[in-house]
Structure formats: structure tokens, C-alpha cells
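Both of the next two complexes hold chain A, though its partner changes from chain B to chain C.
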Partner chain A sequence: MNRLAKYWAFMRMGYLTYLAYRFQVLMSFVSYLLIIALNYFLWKAVFAKHQVIAGFTMEQMMTYVVIGWSARTFFANRIDRMIGDAVRDGSIAMDLLKPTNFQLYHYFRAFGRAVFMFLFMTLPIIIVASMIFPVSLPSGKLGPYLFPLSVILSFFLHAGISYLTGLVAFFTRNNEGVLRFKQLLVEVFSGVMIPITFFPDWVQKVLFWLPFKYIAYAPLRIYLGMEPLSKVHQGVLLQIMWIVIIYLTGQIVWHYAIKRLEIQGG
Partner chain B sequence: MPIIEVNELVKNFRTFRRRSGLWGSFKDLVNRKYEIVRAVDHISFSIEPGEVVGYIGANGAGKSTTIKMLTGILVPTSGGIRVQGLVPYKQRYQHVKQIGVVFGQRTQLWWDIAVIEALRLLQKIYEIPKADFEARLKKFEEVLGIADLLNIPVRKLSLGQRMRCDLAASLLHNPPVLFLDEPTIGLDIAVKSSIRDFIKEINREYNTTVILTTHDLSDIEHLCRRVIMIDHGRLIYDGDLKSLKDRAVGRRRLLVDFILPIERPGLEKVLAEYPVEMESSNPFHWEFIFDRKKVAAPEIIGQLLSKLEVRDLELENPKIEDVVREIYTQGRQVKP
Partner chain C sequence: MQLIGVLFIVSLFVKVPSLKGWHKEEIFFIFGFSQVSLGLFFTFFSNLLELSERYIIEGNFDRILLRPLNSFFQVVTERIYWEESSTILVGLSMMSYALSRMHLHLNAGDYLVTFGLVLAACTIYLAIFTILVSLTFWFNDRGSVVSVMLMLEGFSRYPVTIFNRVVRVILTFIIPYAFTAFFPSMYVLGKNKYSIYVWMTPAVALIFLSLALLVWRQGARAYESTGS
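Coming up: the complex of A and B.
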């Protein structure tokens, strides 16, 4: 019980850190609304001649866009950047001096941020955007229940990917390049920008074997009730599987990373 | 039985040497040139429970590198370390539970968050019983005078305020061993002395073993009976402070700014009759190091003023560098 208490406390600290910057966060609220508006006009033009594209109606697409981008504020994290910075400026020393699991520390600290984001970004964006654009409520029998679960899993999946990206800094000192590359992969292949069904068949086949589409595309399909029950369960199980695989990979890589570390500065 | 044992400890760093120019940076891409820096060079010592040991040396001597290995965040190149029976870098998790650490240039508090929140977090991390936590916090509030600081975000604290809070943070879990790396760096006299008093009190009350690095000799004078001195990664002195002081106490340093530039031969002529060493970074600024027992400061100052035009001068107590030099000239003295 006590052991868990410390990770709960990290979550709280992550939350409090962002609370100190709530006004800066509100600024990016506006840019999210702009992105959604841009998407709206784009899709309106695309759907002008078609009823259904790649399995989506206009309303489903707008729901996908609004829920997708607002969920992104929740499952995005800065773990990779924080580890990179801490390695570069040597403040990583202070983290290592604590009896904690470094990986879980980052997961939960970032989750505290996610809780903050949920309250101050995700929810407000959904509320404001659904007043302006056509957005539907979660569909299907399971949508309302499994979607929140699935997005929380998205968070931990993405946290794992960011964590591994962050660990690169232990080996190269500068993880900026890898960090950018990871960001690109996630933006494109998670399905936040466009649904995976828009990609060629072979890309979709490859993506089935990669973790990215379980970050956004899979939970959004659950929300929209576009998957049969069996596939919903499969999707959630695959999310959990990837979380476990990436967590264990993180633990193994950590073992080597820690030996490579040469802490800078006094 | 010693609480800390260090045996033939070595740490090499591999540093990347950049070549100059465009062609050089291209060559760097293809074929990196590395250079080995030996920061810690076969150091051995052992420390008994309850000792307060000053680990001193000039800048770059290898103090921080040693502390990082002792605290388990840096893996030694070779040699052995045991702290409370544990090998720090191998048993990091158990080890860090039983030590307290302060790095003068860093903080374990949270920049944007009130101090008290960070302390409460530490309570959870170290699984400190609530009653113990409250009792210690109350005591630290009194001794360090931090009661009014607890609700302020760390970024708004001055260095001295932050350092006092950091010190409290490092001792909440009542660790048997405390590592302090330059805890007084950049602090004013009042804060320095409150920190020294606190360390003394902790040591007396809990018999905490303390290793303190510094390049400020006055820290050592207030706190430590025993001193370990290193230079260029090597141990050059391990013994009591008193006999180190006996060697160093006579050393003084006179800093002089001249109105006109002057070179060494000119100065040597002026001061030919006085036993002084001199060094300088530029011909306007010279530093004279001398032994108080052999020559009095007024004699040197008088001679300089009568022969040369002096803009400014200042008399300093010996620096660590002077003591290091003294030890070299008198021969090393290392406890077996």
C-alpha cells in the first residue's frame, strides 16, 4: 500500500506543476480549437461529393476529429523531453537518488499532468467544439464504458513509447532527433490526423503489428461504435499487451542505460 | 566497523574531443576522437559511524565524482565501495533509502511547487511514518528557520533559503549517512553558519555520518575533525584537521592590482629579499603567497608601495590551492 502511495504522490506533483501554469495552458486551448476548425472546413470540402469515405460519414468524421484532438491533450506527455533535459543538465542525478522505479515515476508524474489536461483542456475543448461542430455521443452498447478505459490505456501506451524515446538520451546524450522522429510516427500513425482506413492496405497491415494505432485510432473506433464487440475486446487486449511489452522493454533498456550514464556538472 | 569503505576507487570519463573547422567537424562525424580523463585515481579510505569528514580539494579535483559514486549514481571504472554494507551502484534502490544527499548546485525540491509539497512527497517516497515526519519537520523548521518558506514555490526562494530547505529534505528520513557536495557554495556568511550549526546538531543528536565536500576551508574548520584531501583525483592527505592547519595556517595570499603592467623579473628584483611565491593571470594583477612565520604582510606591502604604483590590494587567508601546494612541497602524508 505504501509503495503505491508514492506513485500516487508523483501524480499529484505532476498535477500541481501544471496547475502553476494553467494560464499558459489555456493559450494552447485556442490553438486546438483552430486545428479542429481547420479540419472541419477540410472535411466539409472532401465530403461535398460523397456520403461515406473510408467508412466514415461526415458526422462520424467530425466526431472523430473533435474527440481525437481533445483526447490527444490527455494522452500526450512530455516524458521523452523531460528525460532528455534531465540527462543533459545533470538533474537526472536527483531522480536517481530516490528509491523509486524511474519508469513508473515518469508514468505517474505524466498521468498527473494528464488529469490536469483532462480537466482544463480535454473537457473544455469537447464542450466548446461540440457547440460549434456536429459531434455525436459515444455509440454502441460499450462505447460509453470502454472508451474511457481505452483512452486511459492509450495514455500508458504512449507514455511507454515516450519513455523509451527518453532513454535514448542515456546513450547519445542528445535525444532530440529520435524525439522528433517518434513524434512524427505518433502523429501520423496513431490516427489522430486521419483515420488509419485512409492509408493503403499494406500500410494498414503493417500498422496492425505496431503499437501506434492503439493510441488514438482504436479507442476512437470504440467511441464511434464502428467495431463489432469481438474487435473491441481484441483492441483493448492489444493495448494492454503493448503496454506490458513496452514496460518490460523499458525495464531492460534501463538496466543498460543506467550504466552508460555520466552525470554532467557538480 | 567502518560505515563507508572505499578501496582503490577509479573513475575514467571518456570525453569527445571536437576538432576545429568545417573539415574537422566532418571528421568528427566519421571518426570520433575520444580522450580519457581520470577524475578519480586509486582512492582508498574508510569512515567510522558518526564521523564528520571534510572531503576537500581544488576545483576539478574529483570531489563530486567521488560523491556520485558513493551515492550510487555513477558506476566506478574499477575499485570497491561499500556503504552500510551495500555496493551503491549495484544495490541502488536499498542504498538510496539509507542515505541523504545534497548537491549544492542542484535541488531535490520541485521548482514550480511549494516546498511543503515536495517534503510531503518525500514522506511517501521514503515511507516515513506520519508522526516521525511531523516531528522532524518541526525540528528542522526551528533549527533551520524555514517555517515561513514552506508554502512558497521553490523558484521564488533565494539560494540560501533553498539550500536550507534542501538540507531539511535530505534528512527527513533520518539517514545514517549524509553526503553534502558543496553545500555552502554561493551562500552568505549568515546562511553558511546556520547550515554548519545544523549539520553539527544533526551529527550530535543522531550520530549521523557526514561527508562534506567543499573548497571553502572555513566550512571544514567549523565542522570536521578529519580531512581527506584530493588533488587531480589522487588522495594527498588523510588525517586530522589540526595537523593540516599547522602546515597551512601560516600561508597567506596578497592580491595586488598595479597601475602599470609589470613582469616577473621586475617583481623578483623588488621583492628579492623576501621569501614569497608569485603568480599572475595578467601583468596588472599579481598574487603573492608567503608564510606568515617567515615574513610579515606589512613588510611586503610596504616594499611594493615604495617601489611600484599600486591601485588596490587585498589580503586573503590561504586557499585550498595553497594548502595543496604546501602538502606537495612538504611531502605527502597519507594515513596507511
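Coming up: the complex of A and C.
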């Protein structure tokens, strides 16, 4: 119980931090609606002459765009930036005093932010966007049930990737470059920017072996009911597998990172 | 992260041959044009975007006001962001890729006109962002309105014909993003029905820049009066 209370406090902290930035959140909401609007016009132009492109109809594509961008507000996190800043300004020392698993501390703090974002960004964006643009409800037998689970898994998968990126700061002091590279990989290959079926075949083959497409592309396929049942289960299991692999890698890298930090301090 | 937008358009055209009658090469040229003019703005003028944080919150604007020189000129020229010039290079390569595939016959004069249009487009970016950051003299929002405007900039990279009438009117007459890439690109792409808009580009740049300088001056004055 005591253990749980600790992580609950981290979550609360992550949530409350964002309550202080109401105007910024509102502007960010407007930005997301603009991205969705731009995508709407682009896809409308693309589908003007074709019924189906890369396996998607116009209706599916608009749902993909709206649900994808709004889900992004939920699974996004700033873990990598927070660790980088903490290493640079030395406040990492305070974090290390906390008798807690450093990785879980960041996961839960970011989850508090995600809960905030879900209430004040994800839901409002979905509601407003579906009044303006054509968006369908989740389809297929499992879509409505497995999609929420799958997006929560996306959060932890992305948190793990960000945590690993953040740890680079222990070795290089400045993780800005790696951070930007990771951001690029996630933006491009998670499937939020464009469904990965639009990429050339060889890129799709490479992506099969990487975790990125399980952040957005896989959950969105579940939402749209585009996968047969067996594939849906497989997708969720692969998400869990990647979460475990990345979490364990995070623990191992942490073990070495902490030694590096002591050397720098001494 | 300008590169993400470029990767989007490159991946889109892997499976899509054209966009409402616009060919890949034409879209790439317009997109490249927007990257070059935006990149120029970022490289030489993005210190402007620091007005809220570095100048007003940290108080450096007082130092600027002490000097007997135009405050706008000082803020804009105080720092050059060479690292942003990669956006210019990406834009130039998109433009030259498009040109090499379209077999247009351009002479030295055409290149000179295009260069002038790029400068005008860059001036429009400068004007739009000057008006926006000037608002921080009255109301400091830590740059979140600027981030919305940077998002809206995404609309400038595509032909305005893909948007509906309302968006087209906004992009042409209210927030003139249509003049930062689409209309000026029509000169090289030889779409004669837009030629009046091509020649309006420098005029729009001058009008908006004058307006921007006016808003800045009012803002700086409002700042002084709170300071005393």
C-alpha cells in the first residue's frame, strides 16, 4: 500500500503541473485542431480521384487522423527532456535521493500528465473534431474494448523509449541531439504522421522489427477494425513484449548510467 | 523539426500521383519555396521569437531601450541562428529536384525574380511574427500564440486550391500565408492565371511589414509606460 501511495503522489504531481498552464493547453488544443484540419484538406485532395489508397478509404483515413492526433496528446511525454534537464542542472541529485525505482518514478509522473491530457486535450479534441470532420466510431468486434487498452500500452511503450533516450544524458551530458533524433523516429514511424502502409515496402519490412509502429499505427488499426481477430491479439501481445524489453533495457542501462554519474560527481 | 513535414510529403507521394491536379514536382517546388523563405526567417530573424522569454521576462528589453537605436532592429539583429540554415538547404534541394524534373527553361532574369520573391516571402513571415510577438508587450503568454501560428504555417506549403473558400480567404487576405510560397511559386511554375498574385507578393510584404512595425512601436511604448 505504501509503495502504491508513493507512485500515486508522483502521478498527482505530474497532473497538477499542467493545471498551471491552462492558456498554453488551450493554444495547444487549437494547434491540434489546425493539424487535423490541414490533414483533412490534404486527404480530401488525395482521395478526390481514388477510392482506396494504401488500404485506406477517405472515411477510415479521417478517423485515423482525428483519433491518431488526439491519442498522441495522451501518449506523448517529456521524460527524455526532464532527465536531460535534471542531469544538466544537477537536480538529478534530488531525484536520486528518492527511495524509488527511477524508471517507474518517471513513468508514473508522466502518466499523471497523460491523465491531465486525456481530460483536457484528448477528449475535447475528439469531441470538437468529430463535430467538424467525418469520424467513425470504433469498428470490429474488439475495437471498442481493446483500443483503450492498446493506447494505454502505447503510453508505456513510448515512456520506455523516452526514458532510454533520457538516460543518454548520463553518458553525454547533453542529450539534445539524441532527443531530437528519437522525436523524429517516433513522429515518422509511429504512424501518426502517415499510416506506415504509405511507406515503400522495404521501409515497412524494417519497421516490422522495430517498436515504433506499436505506438500509434497498431492501436489505430484496432480502432478501425482493419485487423482480423488473431492479428489484434498478436498486436497487443507485441506491444506488451516491447514494453517489457524496453523496461528491462532501461533497468540495465540505468545500472551503468548511475556509475557514470558518480564518476562525474567525484 | 521541419524535417518531419518534408518526410510527410515525400512519403505521401510514394503512393499518391497527384494532389487535386497538382503534380508531385509542383508540390515539391511550392513546399521547397516555403522552406527556403521560412528557413531564411528562422536563420536571420528568429531572435524575435525570444521576445517573451529573453527580453520581457528576463528583463533584457530594458537594456535594449537604453540604446539610441530602433528597438525592433536591435532585437532582430542581436543573434543569428546559423543552425536553422539547414531548413534553407532542404528547401533549396526540394526546389532544384522539382526544377530538374520539370524541364522548365529559366533564364538568369527568372532566377533573379525568384530570389526577389523569396525575400518578399521571408519579409511576410517577419511581418506576421512581429505582429504576434508584439502582443507580448501587452499580454505575456510565453509564446503559445506563436506556436499556433507556426502550426498554421503548415498550410502555406500546399496549393491554396485544396482548401475551402473560408480558409483560402483567410490565407490570402487576413494571415497572408498564401503569399509565402504558393502565389510566388506560380511565377516559375508558369501558371498565368495567378500572375496578378505573383506581383502582389512584394506589395503584401511591404504593407504587412509597415503594419508590423507600427504594432511593435505601440507595443514598445506600452512596455515603457508600465516600466516607469
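Just so we're on the same page, the second predicted complex is superposed on the first by the 261 of 266 C-alpha atoms of A that agree within 3 Å, B and C clash if a C-alpha of one lies under 4 Å from a C-alpha of the other, contacts with A are read in each partner's own complex, and residues count from 1 in each chain.
The definition used in the following text is that contacts are C-beta pairs under 8 Å (C-beta built on N, C-alpha and C of every residue); 3 or more make two chains touch, one makes a residue touch a chain.
These figures come from a predicted structure and were not determined experimentally.
Novice: Would you check which partner chain A:A48 touches, where first means chain B only, second means chain C only, and both and neither mean what they say?
Specialist: Second partner only, chain C.
Novice: Once the structures are superposed on A, label A:R180 by its partner contacts, choosing first (chain B), second (chain C), both or neither.
Specialist: second
Novice: Based on the superposed arrangement, let me know which partner A:L16 touches: chain B (first), chain C (second), both, or neither?
Specialist: After superposing on A, A:L16 lies in contact with chain B but is clear of chain C.
Novice: Who does A:I152 touch here: chain B (first), chain C (second), both, or neither?
Specialist: Neither partner.
Novice: Does chain B (first) or chain C (second) touch A:L261, or do both, or does neither?
Specialist: After superposition on chain A, A:L261 lies in contact with chain B alone.
Novice: Quick one: is A:I194 in contact with chain B, with chain C, with both, or with neither? Answer first, second, both or neither.
Specialist: second
Novice: Given the touch rule stated above, what does A:P99 touch, chain B (first), chain C (second), both, or neither?
Specialist: first
Novice: Name the residues of chain A shared by its contacts with chain B and its contacts with chain C.
Specialist: After superposing on chain A, no chain A residue contacts both chain B and chain C.
Novice: Would you mind writing out the residues of chain A in touch with chain B in their complex?
Specialist: Chain A reaches chain B through residues 2-3, 5-6, 8-10, 12-13, 16-17, 20-21, 90-91, 93-94, 96-100, 258-259, 261-263, 265-266.
Novice: What does chain B use to touch chain A in their complex?
Specialist: Interface residues on the chain B side: 13-14, 64, 68, 71-75, 92-94, 96-97, 99, 101, 103-108, 110, 112-113, 117-118, 120-121, 124-127, 153, 181-182.
Novice: Please name which positions on chain A make contact with chain C in the complex.
Specialist: The touching residues are 23-24, 27-28, 30-31, 34-35, 37-38, 41-42, 44-46, 48-50, 53-54, 180, 183-184, 187-188, 193-194, 198-200.
Novice: Give every residue of chain C touching chain A within the complex, in rising order.
Specialist: Against chain A, the touching part of chain C is residues 1, 3-4, 7-8, 11-12, 14-16, 18-20, 141-142, 144-145, 147-148, 151-152, 154-155, 158, 162-164, 167.
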